[in-house]
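Worksheet for the structure shown next.
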Amino acid sequence: MLDVTDLTFGFGKRPLFKGLCFSVTPGQLIRVDGHNGAGKSTLISIICGLMSGHTGSIRFADDDFRKWTSWVAPDANGLFPTLSAVANLEFWLRLRNQHTSTDVLRDCLNGWGISGDWLQVGLPVSKFSTGMKRRLALARLQLENSKLWLIDEPLFGLDERACLKFKNHVMEHLQAGGGVVVVTHDARLLDGIKHQTVFLGGA
Amino acid sequence: MALNHPERKISWFDTVATLLRQSLRVDLSYPERLITPLFFAAIVLLLFSFAIPEQDPSIQPRMVIAQTQLAIFFALQLTFSRAFESERSDRVFEHLRLAPIDASAFTMGKILHVLVIGSLTMICTSVLSTILQGQDLAVITDPIFVGASILALVGLAGLGVLLAAITLRADGQAILFPLLYFPLSVPVLLSSTEALAAWMERRVWTDSMRSWSTILIAFDAIYLTLAVLLSPESE
Amino acid sequence: MTNRKAFIPLCIGLSAMCIQWLLAWYWVPVDDAQGEVYRIIYVHVPAAFSAFLSAAILLFTSLLSLKSNDDRWLLTSRAATEIGLIFTILTLATGSIWGKPTWGVWWTWDARLTTTLLLALLYGGWILLFRALSPGTGRRRSCAILGLIIALDVPIIYQSVNWWRTLHQPQTILRRGGSTMDSDMLSVLLGGIIIMAMISVSMILVRYGTLGLERELEEKSLGELR
Amino acid sequence: MALNHPERKISWFDTVATLLRQSLRVDLSYPERLITPLFFAAIVLLLFSFAIPEQDPSIQPRMVIAQTQLAIFFALQLTFSRAFESERSDRVFEHLRLAPIDASAFTMGKILHVLVIGSLTMICTSVLSTILQGQDLAVITDPIFVGASILALVGLAGLGVLLAAITLRADGQAILFPLLYFPLSVPVLLSSTEALAAWMERRVWTDSMRSWSTILIAFDAIYLTLAVLLSPESE
Amino acid sequence: MLDVTDLTFGFGKRPLFKGLCFSVTPGQLIRVDGHNGAGKSTLISIICGLMSGHTGSIRFADDDFRKWTSWVAPDANGLFPTLSAVANLEFWLRLRNQHTSTDVLRDCLNGWGISGDWLQVGLPVSKFSTGMKRRLALARLQLENSKLWLIDEPLFGLDERACLKFKNHVMEHLQAGGGVVVVTHDARLLDGIKHQTVFLGGA
């Protein structure tokens, strides 16, 4: 799905990573690891095309990778703060030509523990707690149902239950032949999931 | 799982419509955002009335137009600088860049959004301004005034979206925006003002009017084209 | 928290106002200089005084809510501000309607007109601020401070007319050396002012009651969801 | 570990000085912030010169003052509305509230900061404005002009800080701030303008000047006192 | 150090917590636990006095609690983004009348892995990675050396090494007689530290 070959990037002269090679095939999970400041988030941004200035090649299996790729980052839930959870999901799904009925949305949100007050009163997302926002972002990831997930610290702020739920979603996704590139410092997520690690920070 | 992704992309027009709808939805979720530019215009006019001394009656009508234009301009500036506010929060903009939509559709949606709220601001401000200056509403229903205003609005909207998109990811967007916006808006403002002034003086279609309107239209075209062409694509 | 009692003075006030309007329309003599149109004064001036009255109440409730620990005074401030805004707009509207025949324009940047407009903007701003803040001490404090400033602005409205060149009527009712108005006109006008003040105070009380209700309802609906 | 916390609090003046130094340091780390208001003022002046028709020579000097004042005012508004920008990011403001400092010291530090950058803005804008309008610099070195300007600045600064603090945690701070700031600054502006106008007319110290300056000083006092007394303390 | 008695708070009428009682004594760590959206962050804010509207009492041992209390929250590192790490630390320490020499600061930052480039080039904090920012906030916590720590998800974004380091700091702090109230979903931090748990979300 994704081939990264000989990728080199650095701010200034010092490279953050050098000659990086890896590829993601269906059903495979790649963990990007490294100490804080190693360049993991930068790597994800570069793969997505949100940052440029690298050398080396990044090749996606298909023409417009945005059709089948989803992205989440720690400070980027992509939520409109004044709108409700449902309004947010609807917008992002419609942009991907997914006409999910409100019932399905509500069910999914219920599964993520976003129910009662938050839905019915139409509480704007800005009033959600840290973990609820992240849950909403992951609900979107689940509903978008893309082939490739590029996820940067997905577990941030989640409680035990939500972590487990997400882990299950990741496993289902892999089983269905999806690919994942994940950055996480939290070993809980990867316990018992076969994965390859790309290590940054030695450069 | 839809791994063989059925068409996960919507048509250009649908995209524009969806984006426009969402922008308006955000505006409505916080309607103060729409009202404030009007308040602001009222206060700008009030300041003018304090600061600017009594005028010769002969230039009074020109003064009315001038003050109306300035008030509109300040109000629009406020409107535009907020047009990208929701995209900046929580990195919605990056998410939009990674959604399967055309950059030009995004820009077009934003331009339409800005035009919608801009026209609202403009209409209300003009009415307010003529009333507050004790003028007849006929002044602002003059087709030439309306035409010049619309052309100016289009130019300003194109420019605003262009710059907002460019500076969106720069630190301190709030500051960069006026820094570029004001100088670049001068041609549009200047030509619309001058075209209008020429009209007000003679009430006939003169050469000077023609040349100023040509400039106005040229700048509209330039800014609009640039905005759509230089849409913030994936880098 | 229903404020039924406040409806009684409101009804009395409204019926008194009807009588005052009848008097104003049929009983008091026509003004020599302005003709019939001057009768709008019986709405205009009472409305203006009621708008000021709200500001005075706002001053009072702001000071109290700076001291207090709950939102009671804050809600009263809100009621006063809303009613004040209504009466300010009424003053502006009646003044404009009056201005068109007498001055030939709807609006002019006269000091008192300007300051009245400012009062409307400030009342509006207060309400916007209230809505933009989340409940708590912070909101109480911020709104109280703003209320204080707004209330301080009102005396200027009243005084500036003496200092600044003006088109508007000079003060005729309250001034040193007695009023310059016809006594019939004056008594109806003074009556109107008192009646309108009564109406506005009872409106504030009623509104305070509904604000409390609104809050309770909101809380109930949240409670039932659990 | 200093569990018996030796004096973990610094004096009021030290606090003010530390906060002022930090604010200026932030400004210097991001000098665009200081330059933009000037830029903005230049463009306001430019717009005036386009939009406002030729004037009778007799009112020309008053017009110059008026335009200068408006330009300064708009520039100051931009400066003030950003006064709390660094405190709003990353919840620095909450951290400040939880630091062992007096709220009044915080406000005073901020007022001083605003006065420093405000005077800079004001001086530069005045010079710019007189030059752009082809006037003698003597106009703006007149001691009465300077005095009135300083008094006006103090009032505006007090008000600006007060309002910025009030609206700090409001949704849509960017909108609420100008909305409240403009109407409330009118007494200050009006009295300084009128005092100055009275001076320009006769060049003697008249009664009307005295009363306007009294109002000006009264408002300075009110806004400053309220700002310092009602500083946003811990809730 | 801190006594919380009968604390009740809710948005609207529904209480997030009701009749909460706990106290922090020297050397004690209190963990606040609960699912996402249970009100943990809200509780910490209320204790600090950043939010109000509660009933019940919060009593600190000494007059001005701000002199001997430090606070960190997930979205609140309290950093000036355009200034360097050292400039940030200096400012916050000076406000607490601590005149730490630049050398000490550098040593401390080195200990947290903030060295080299970040210090020498004077990189503004806004360019730090998520984890580096959090490390800097924790370095500040360590240097401020307050009696009582109120920390909301301190581990957010930290890598394994930094987590361990912080855990050591917490243990030292407790041994020296400090108190901690911590919100965390990450069990790593509390492994092997004696603590009491305050559970929210049952209300």
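Every chain is named by a letter (A, B, C, D and E) in the order it is written, and numbering of its residues begins at 1.
One rule holds for everything that comes next: contacts are C-beta pairs under 8 Å (C-beta built on N, C-alpha and C of every residue); 3 or more make two chains touch, one makes a residue touch a chain.
Everything quoted here is computed from the prediction, not taken from an experiment.
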| item | value |
| --- | --- |
| Remotest chain, chain C as reference, centres from CA atoms | A |
| Selected pair, greater C-beta contact count between A-B and C-E | A-B |
| Rounded Å distance, chain B centre to chain E centre (Cα mean) | 46 |
| Euclidean distance of C-alpha centroids - chain A vs chain E, Å | 28 |
| Whole-Å separation of chain centres (CA-atom averages), chain D against chain E | 36 |
| For chain A, residues contacting two or more additional chains | 75, 82, 117 |
| Touching two or more other chains - residue numbers and ranges from chain D | 30, 171-172, 176, 179, 183, 186, 190, 235 |
| Per-residue multi-chain contacts in chain C, two or more chains | 114, 118, 121, 125, 128, 132, 136-138, 222, 225-226 |
| Complex contact set, residues of chain D against chain B | 30, 32-33, 36, 39-40, 43, 46-48, 50-56, 59, 62-63, 66-67, 69-70, 73, 78, 82, 85, 171-172, 174-176, 178-179, 182-183, 186, 189-190, 193 |
| Chain A contact footprint on chain B (complex, rising order) | 1-3, 5, 7-10, 15, 18, 22, 25-26, 29-30, 86, 89-92, 94-95, 97-101, 234-235 |
| Sites on chain E touched by chain C in the complex | 11-14, 51-53 |
| Residue ranges of chain D touching chain C (in the complex, touch as defined) | 162, 166-167, 169-172, 176, 179-180, 183-184, 186-187, 190, 194, 208, 211-212, 215, 222-223, 226, 230, 232-233, 235 |
| List of chain E residues in touch with chain A within their complex | 14, 34-37, 41, 74-75, 113, 117-118, 127-132, 134-135, 153, 156-163, 185-186 |
